[in-house]
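In the two assemblies presented below, subunit A is common to both, partnered first by subunit B and then by subunit C.
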Partner chain A sequence: MKAYTVEIVIENKPAARDPEGETIHRDLILKGGYVNVKAVRTGKYLRMTIEANSPWEAERLAFEMCNSLRIYNPVAHVYRIKVLE
Partner chain B sequence: MVRIAVIRFPGSNCDLDVVHVLKNVLGVEASLVWHKEFKALGYDGVVLPGGFSYGDYLRSGAIAARSPALEHVKVMVDNGLPVLGICNGFQILVEAGILPGALLPNENLKFICKWVYIRCDNGWTAFTWGIPEGKVLYIPIAHKEGRYFSDEAELERLSRKRMIVFRYTDQKGEAVPEANPNGSIRNIAGICNEKGNVLGLMPHPERASEELLSPSGSADGLLLFKSMAEYVKR
Partner chain C sequence: MVSSKLRKVPEGVSLTSKEVAWIRRKLGREPNPVEWGMFDIMYSEHCSYKSSRPVLKILPSKGPRVIVGPGYDSGIVDLGDGYVAAFKVESHNHPSAIEPYNGAATGIGGIVRDILCVGARPVALLDSLRFGSLQSPHSRWLFRYVVKGIADYGNCIGVPTVAGEVEFDRSFEKNCLVNVACVGIAKKEDIILAEFKHPGDIIVLVGGSTGRDGIHGVTFASKTLSEESEADRPAVQIGDPFMKKLLIEAVLEALKTGFVSGVKDLGGGGLTCATSEMSAKGGVGVEINLDRVHVREAEMNAYELMLSESQERMLFAVKPEGLKTVLEVFEKYEIPYSVLGKVVEGGLLKADFKGETVVNVPAELVARAPVIRRKARKPPAVQEKLKASKPSQPENLQKAFLELLSSQNIASREWVYRQYDHEVGVRTVVKPGDGDAAVLRLIDVPKAVAVTFDANSRHSALDPFNGHAGALAEAARNLVCVGAEPLAYTDCCNFGNPEKPEVFWQFKQGIEGLALMSKGLKIPCVGGNVSFYNEDEETGLAVKPTTTIVMVGLIEKLDHITSMGLKEAGDALIMVGTTLPEMGGSEYYHEILKFDGGEPPKASVRKEKATIKTVLKAIRKGFVKAAHDCSKGGLAAALAVMAVKGKLGLNVNLERIPSLKIGRLDELLFSESYARVLLEVPKRKVERVLKIASKNGASASQIGEVSDREAFTLKFKGKPVVDCSLSELEEAWLTPLPKALEGTPA
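Then we have the complex of A and B:
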């Protein structure tokens, strides 16, 4: 078994407005002159240490956990998992 | 004698207010029960009160929704007993999958605490059968994550099955955008399940159940608890 660092990022689905991201974009980034930035979405970030036999097993465990414990709300959120070596 | 449980989680508040209204205003037997000790057996109904269970960590209601107490709540739901979720209780019911949808941070990202008008759009639930449809209630809200969200297909089902019970409106009962305090889709303030024995709402009826405590002198919130108690008796 090896300890893997697993990142989980949760953000709103495109149909669910993200007023924090919109405000950061409009009132900080665009006003600051970074006009090439076309959109900002905020989210929630979880970094976990998971013991597993392989990165795939760590990813599978994270996937299973996200769904069984509803780490995200499938109605409003999308999430992605990234396993770091 | 009607027996109603009020479940307390770490971080619940207004739980004692609910017990007070049920016991002292309505004369119903009400017990405050720690979530780890809650069992469905022996109760005719249950209230999940407001507050900030588990500090609202991860998402409001997300951690309390995994408490074993919710398995017992589900038994009561299946048995057709009345289950009421107020504010954080509504968030817990949604996160437990007992009610559909999601409650996102308010559109203005602020905690909003004020009295609002809501209209009753379904008088056939366990909590509203004593309220005429279209009646406007004056009742306070106090939350930061109350923006109801659901996709279009689900909203269509909610409308078709008459699961949208309360909407934020103006004083006349019009669901105009200006009357929407938190950006909830279609001004939704409260929904029920298909059977109508589970209701979740963001406003706090227990804070509007005595004339003395209402700025308008109304006690509109009491109508929900009265309906709940009468529903159990019948």
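Then we have the complex of A and C:
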């Protein structure tokens, strides 16, 4: 067994709105003069240390957990899992 | 003979073959895909009320206090002194069943916009919630997040959540009911209606940008929930309460300019619904350019622009000379807007996109779907249930009583309402849980508005006619218990699939019951909402027929405001109204005896009138210190709540309770007969109150008194039936919800 660092990023579905991101973009970034910034999406970031036999097993565990424990909301969110060494 | 070609339903359209033939014939040509999409959405049950309209017509909608009745964004009643109250109820069942947090939050968002649309400031929110059993993890998850969604959104926009109800029943396991209501206050001269009236007016789309979210949300609400709903899920909306708060202030300020001639919120059906309904109402047409819609996603096509249900949007008709002034208001609040087009003569709804006319149909044809006359048939099983023989009485009635107090439908709702900000706006005089209805004071006049939210699905399941009539009467009773005169109500009907004759029978019976009580008590209906298809497709199980009633009343003098907690030892307890052995659908049968048969209470206009008049008169004379109506859990539960709320004990002699045909003690304690109210009255006023009752034809008697001992004692002919301490009552009544919901995984 080896310890893997697994990143999980959860954000609203692409078609769904993100009021927090919109507010940061409109009221902070654009008003601060950073007009090159065209969009902001916020999300939730989880970094886990998972013991597993392979990176695939670590990923599978993270996947299973996200779904069975409702770490993300399948209706409103999308998520990405990335296994780092 | 209609040719089969005329009746062929285009792919992806959920209209019936009759409807498509009707549209083709009326239009005289084949609609294009955008137009089909518009008909599809507007002819859905949710937008068109095509099944319910012919039935709802029987509800009385006129009265001296009614300013705006059914058919507009909210009903409006006259409060006198130049003030009006606007109120509206809406269901958000389907979105909440799929995604409880955002579903409930956007439900609040929508209802607030309905109040804004008539030019009123939203001052109070109410919610009526129904879930499956608390034992089910799924129901707990829905319950927890629906409450959180309401709390987060309501608290952010600064509108207090002041009242509501929660019921648990297995029929709501897959289909929870989330009914939300909003009350607004306005000066009479500030009222505005959702109509396009004057050709030449400029049409402005205001608020959130348009995206692909929620396209076909209402056609989704007009279907039963199935496993496929998982794939349908893009229909879920994300609420944006801070945008809403800005929108509230901007809209009210824009209306103050005097240049706005009509406003409507964009809810179900989006731009299609708002433009067609406003044109049809005003008998005019409209021309818009879809290129001008402010969007947040690239490459949106005309179909998506016309049908999107993105949140926080409103449509304004503005007088041309005032356009600049109105737009400056939106700019001040940094609310995005786009000038879409104008109101025109004639009745055509025309939309251009990328240099082409993509929509060109009569607004009336889009906005008014032909009604469908549904068949109604009484389900045979009901009769058997009513006639089922009575279960026997348990030996230990005290144990049964305490169990009933802690059952999920009777236990204190504090866990729910303490999550809500119910004080913001400084109008809330009677707070959640303290009275039978919430009381909000008017700021400039020494008067107050009372508002309540009621339904009874368990009685209605056995007898929809009497159950509905009883729910309406209960709402009226709740209002008089806080010292208010009922003015008007609005109803939210939640039923299964209306295409099933048994479901439609329930609906028809229910509305007939409402009509009877409504006419009898002279309380008109000023609006409403119908949600059908609350049915689990897998099991075919429909929700129990549930029509929630939001009723508004006026308190003429602030001295009349009455709460339900006992106030002083030595006072007398008076029971108004007769108790009958009407046990069917009672919480006692359901929770303690696990029995779902029996005759539920019968509603009587005469009895309700007598009780209501008695209570209101006694309160106005200043004789009443506390008042509480007897509903779920019967007399025993009502007494317990009054004691716990007042932190005072009581002694009651059960043989003194006005009753008829009662043969058993449990019937006396737990019957849910209608038209009954408990009053706390100073000893020296007892005779006066009893006299008022007899003058108004209500049976009443002194049944006991308030005591400063910590004991809650109910005796029958000298023998104690229930004898427990206040702390035992508190333990039973206050703790069940927190216990069920805290510390358990979602």
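In this section, the second predicted complex is superposed on the first by the 85 of 85 C-alpha atoms of A that agree within 3 Å, B and C clash if a C-alpha of one lies under 4 Å from a C-alpha of the other, contacts with A are read in each partner's own complex, and residues count from 1 in each chain.
In the analysis below, contacts are C-beta pairs under 8 Å (C-beta built on N, C-alpha and C of every residue); 3 or more make two chains touch, one makes a residue touch a chain.
This one's a predicted model, so the numbers in the text were calculated from it and none came from an experiment.
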### Message
Quick check on the subunit A-based superposition: subunit B and subunit C, clash or fit?
### Response
clash
### Query
First (subunit B), second (subunit C), both or neither: which does A:L84 touch?
neither
### Message
Taking the superposition on A as described, I'd like to know which of subunit B and subunit C A:A3 touches: first, second, both or neither.
### Response
neither
### Message
Quick check for you: in the superposed arrangement, does A:I71 touch first (subunit B), second (subunit C), both or neither?
### Response
first
### Query
Who does A:L28 touch here: subunit B (first), subunit C (second), both, or neither?
neither
### Task
Check whether A:A15 is in contact with subunit B, with subunit C, with both or with neither, and answer first, second, both or neither.
both
### Query
In the superposed model, where does subunit C crash into subunit B, at 56-64, 272-280, 380-388 or 416-424?
416-424
### Task
Overlap the subunit B and subunit C contact sets on subunit A and report the shared residues.
12, 15-17, 19, 23, 70, 73, 75-76
### Query
Hey, which residues of subunit A end up touching subunit B in the complex?
12, 15-17, 19-20, 23, 44, 69-71, 73, 75-77
### Query
Okay, in this complex, where on subunit A does subunit C touch?
12-13, 15-19, 22-23, 26, 70, 73-76
### Task
Could you pull out which subunit C residues touch subunit A in their complex?
98-99, 101-102, 208, 211-213, 230, 233-234, 236-240, 242-243, 296-297, 310-311, 334, 746
### Message
Could you list, by residue number, the parts of subunit B that touch subunit A in their complex?
### Response
58-59, 62, 65-66, 94-95, 97, 100-102, 104-105, 107-109, 149-151, 154, 183
